[in-house]
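In the two complexes that follow, chain A is the common piece, with chain B as its partner first and chain C second.
The block that comes next holds the complex of A and B.
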């Protein structure tokens, strides 16, 4: 019996080892079947500068990006770019690589990481090398998108996508309730008034969870920080915006945050439970909803403005030839503007008409939004600051606490973080 | 009396039926996530989150499996995962057993201190050592290879397994060892001919844990491997989880394909696994 058991255990190990050896032997010849060719240019002369770009793109998106980079490589005379896929825990891997002096030359970043990486010296300013580079057209970018790449008056990253937040609405619900459809000129008061008319048993006028708290301050000319990093949260404009936020919450037009989170924010809109939803211009509600979807600029106070999720590519400070790397970065970014929607540039903007035909009805509205869209004035410790804003400001306002007291307590917390 | 209803035989049948119904309900509730995973792997992207949910609303979408296999180069990643898993398994089972044998049966200066040091590494979270260890392996040119994932195991095994096997070896009667010594066996022979065969249930249990841990490991391969054709299955499957969009159909199809080897190993070694849990007192 014992012998039998030993034999079976041995057999299991032997099978696994044999499989490993066989597969390892097969693997060598299979490597050419890997997705595309990692962006490698097969005809690379020895004197070309080798560059690596880290991306979070996965599966189909990765293949498209590799094809795009391969095309850029074929026209380049002095560099060759290779794609490095980081499909999970992107920032953890990136930070480990930077710490281990293995940083890729370029890295995709979400806007909130730029100030942090720049202050730590992980990414390099581009201004010096961009000067005189004909392929770089600063004026072509929507101002808000290029602003997020700035840190201490230097440009550290080039944007490749900008998803301005739009006010989506369920046209069927509006028509059924006899409420006038939203317009690009809607104020927060109009938003509340319509929301009240649309809120009834089991249905809500709007969903607020996606709207960043800072966006309310912007719409009255305020902000959390100004461009120099000084706190502006206690300015009268900011306070006015935050008071409007509290009025919207108190009006009862939206489900409680926890309830909306548990039911899936976007799903509530898709299933006709809420009439208005603030989401990115690229969201696929037109395809995934069974009702007629409309889209306008989000409501405003004294200023028309909206938040935008902006993706950028930054250049590592460890790159060996920053001049050629900057040129490669500009070429690659220009190519991405012809691939990703919504493009952060005026010249690339019209791509949305062909690549997302279902958005054609709202192209001009999205263009208007792109012109007033912006990101945060990010700080080196933005992650912790966002935590403080959520804990001390957003939650306090939603609970109905005094706005001035919440602002004071938020500023105290931010000061301890930035000390 | 007839009014009391069922006879003893009927009562027995009734009890069995009730038991089976109860067990059936529990089994179904346990199997539900797996069934849902299979159904999701066969749905088209549009209907996965349809409300009310339906099991197979629009036919069988086998193309999710085709996408899972072609888009992430499934078989190359499968091979990479298998190589890493088997090498880690060998290190974890045999080297851990070897070290545990030393701690259980040899007397040497500072033995308890060394053992405490080994145990203390269990308490140390991997995140704390990740960056220094990565820097170390980068310095010797091992980044972007499987070497940092498999070689360390051959220099000492895994502390948790050493601890478990040491406890197991301590329970082996000394008489067996002494008889072998009288017969002229060396310590290594005793380890191979007495300790290993007697510990098969424990070794199989550790083997299964090691297999499962390596097969499903995401962080290790993520940190050390850079090229897509060196990736493991967990990394490949992560590619379907985009920042903006999760491709649930191919993700579930790929997950099922990746799950199969773990299930096969588990069922092959199930008997020893249960025995091993009884002996070592651990379970997953």
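The block that comes next holds the complex of A and C.
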């Protein structure tokens, strides 16, 4: 009898253990991945739509963002937003969450992911819900920034930051070498000529690593893809731009890519090793350099244009109440425009004067750049396409290979990827 | 009787359920995923063996496989030889041997990411330690990670760093060799090389075999340091890196899973080959049969 009781007890323990294993595997997402919350919006009335925004922000940026979201929540009557911080392996985790049907309602994205996420149905078009929403002012956005949110004529994301690329220069080096200072009207030829005068032992005229290959094509009216996704890389305009790229490389005004990478691109400029640097308008050279820094529009070919790094927030297609969510997205994005510099909107633009007073000398130049700044015409398989452009085009041009042959090889590879 | 049989199964059910849920089910699912086109956001689309056929035509796949195989062919014997050499050196009775053992084993317990970052600096063209040393003897800086032809030698250099980890098993093996074998060899007049070849190496073959298998698996699955360090001309794009890119950058989970299965088959075949060959060169003392002497 005693033996029978012991056996039954053992059996009970075994069953409990087995159940524990199964239940542990089925655990929800409310444990280690619980959203970061600043504690200010934990009390949520039941009638408010609960929304989550995923961000790569960490540390100080996260704290500021949480404060901003808390403020938005206090004025909202029909929704409440929670911040979900993913400071490391952001896109990998986001992909896993979406695959596991645990997608946040909003997600920060870098522009190159928009077409990819839209084509896979992970994010939803906003147009229908934006119509008639007074808080959304389409005309306020600089055109180039809102364009990157488009995929197949629909708007999928709202930009919250735009960093147009500017040509920074070391005024001391220019004056010492007796070279005329750059202007907003500089052409690539002017850039090369000045760079040659400034290049001497241990010092270079310019740094090219940051300039996207596509930007050379844009400055002659070309592109890699047009807005409809057709390849434009072999157009005469694009070829002309790429030939100019090769001329700049061949002119010897810049250190080799690997050398500049290992020395730190921005650091080379900060330490006075290069006289000109193309970087985002928000870069902190004015504060961190010991010389006088100037800023103008990047050199141009037949068209004045510059690249801009644009961050956006997109809305998940799985969000349960897209109408309210869109309203929340607009409110949150409008609030970010009063926080992040450089704002992608005309109304938010002047924030730079107060939040970054050291940039005041160049505010009008940055405004001009914002008006001509743009992102890529991103494609659904942009990740692979970027790899092909780097491998077949950028490296080939920098090695001195024939531009037409490099373009053909790149197009062949792109066609293989997109077929 | 019958209820007793089921009681037994119930007792081992925690393990059985864990094995089925966490091992068998993912394996079956992974096999199915390898036969699909799956972007992870939407439902997988069955495509049969298309992923496997496309991989055969994929130049990037071929390149990544070739880089990995080249690395494995050189790094595995190199790692074994270096670890063995170090183990023999620290098995001698010299002053401070415990310090050397600890110092040589330390790299094995340092985080992989820190080691990768350290090597990235060591191999740097402009500020790297290696080029600094080379400059002392008048050699111009070399692009260890920026010139395609130097990327593989750079990764092979890193193998020396990890040799201390392997050393530990060889050291244990060396200390397990009975002293009387060497005494007998001395009486028979064997020289140092003969003792090393016929006693040390022979007695260590099970440890070498173990390290060979682990080395093959490790080399074929190389990821961490290559992910951080990279390398020009895709020479640092090892098999697992390309697999990761397909899964998480290109949203081709089916394709990546097919790659994982191919890697599994390659590793299985290499391991089987090693096992098959082991009867010819691995000596297990416990399996040794005494030779019959004539006239008895």
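One rule holds in what follows: the second predicted complex is superposed on the first by the 377 of 419 C-alpha atoms of A that agree within 3 Å, B and C clash if a C-alpha of one lies under 4 Å from a C-alpha of the other, contacts with A are read in each partner's own complex, and residues count from 1 in each chain.
Simple rule for what comes next: a residue touches a chain if its C-beta (ideal position, glycine included) is under 8 Å from a C-beta of that chain, and two chains touch if they have at least 3 such contacts.
A quick note: this is a predicted structure, and the numbers were derived from the prediction, not measured.
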Considering only the touch criterion stated at the top, classify A:99 as touching first (chain B), second (chain C), both, or neither. both
What is the contact status of A:58 with respect to chain B (first) and chain C (second): first, second, both, or neither? first
Tell me the contact category for A:263 with respect to chain B and chain C: first, second, both or neither. second
Touch check for A:402: first (chain B), second (chain C), both, or neither? neither
Tell me the contact category for A:120 with respect to chain B and chain C: first, second, both or neither. second
Would you sort A:85 into first (chain B), second (chain C), both or neither based on which partner it touches? first
Considering only touches as defined above, state whether A:185 meets chain B (first), chain C (second), both or neither. neither
Chain touching more of chain A, residue-wise (chain B, chain C): B
Do any residues of chain A touch both chain B and chain C, and if so, which are they? 17, 20, 92, 96, 99
Residue positions on chain A within touch of chain C in the complex are 7, 10-11, 14-15, 17-18, 20-22, 25, 91-92, 95-96, 98-99, 116-117, 120-122, 258-259, 262-263, 381, 383-384, 387, 391
Under the stated contact criterion, what part of chain B meets chain A in this complex? 46, 49, 51, 67, 71-73, 75-76, 78-80, 82-83, 86-87, 89-90, 130-131, 134-135, 138, 143, 197, 200, 203-204, 218-219, 222-223, 226-229, 231, 234-236, 238-244, 247, 250, 265, 268-269, 272
Complex contacts: residues of chain C adjacent to chain A: 7, 10-14, 17-18, 21-22, 39-42, 124-127, 143, 145-146, 232, 234, 245, 248-251
Can you list the residues on chain A that touch chain B in the complex? 2, 5-6, 9, 12-13, 16-17, 19-20, 23-24, 26-27, 30-31, 33-35, 38, 56-63, 84-89, 92-93, 96, 99-102, 264, 267, 271, 282, 288
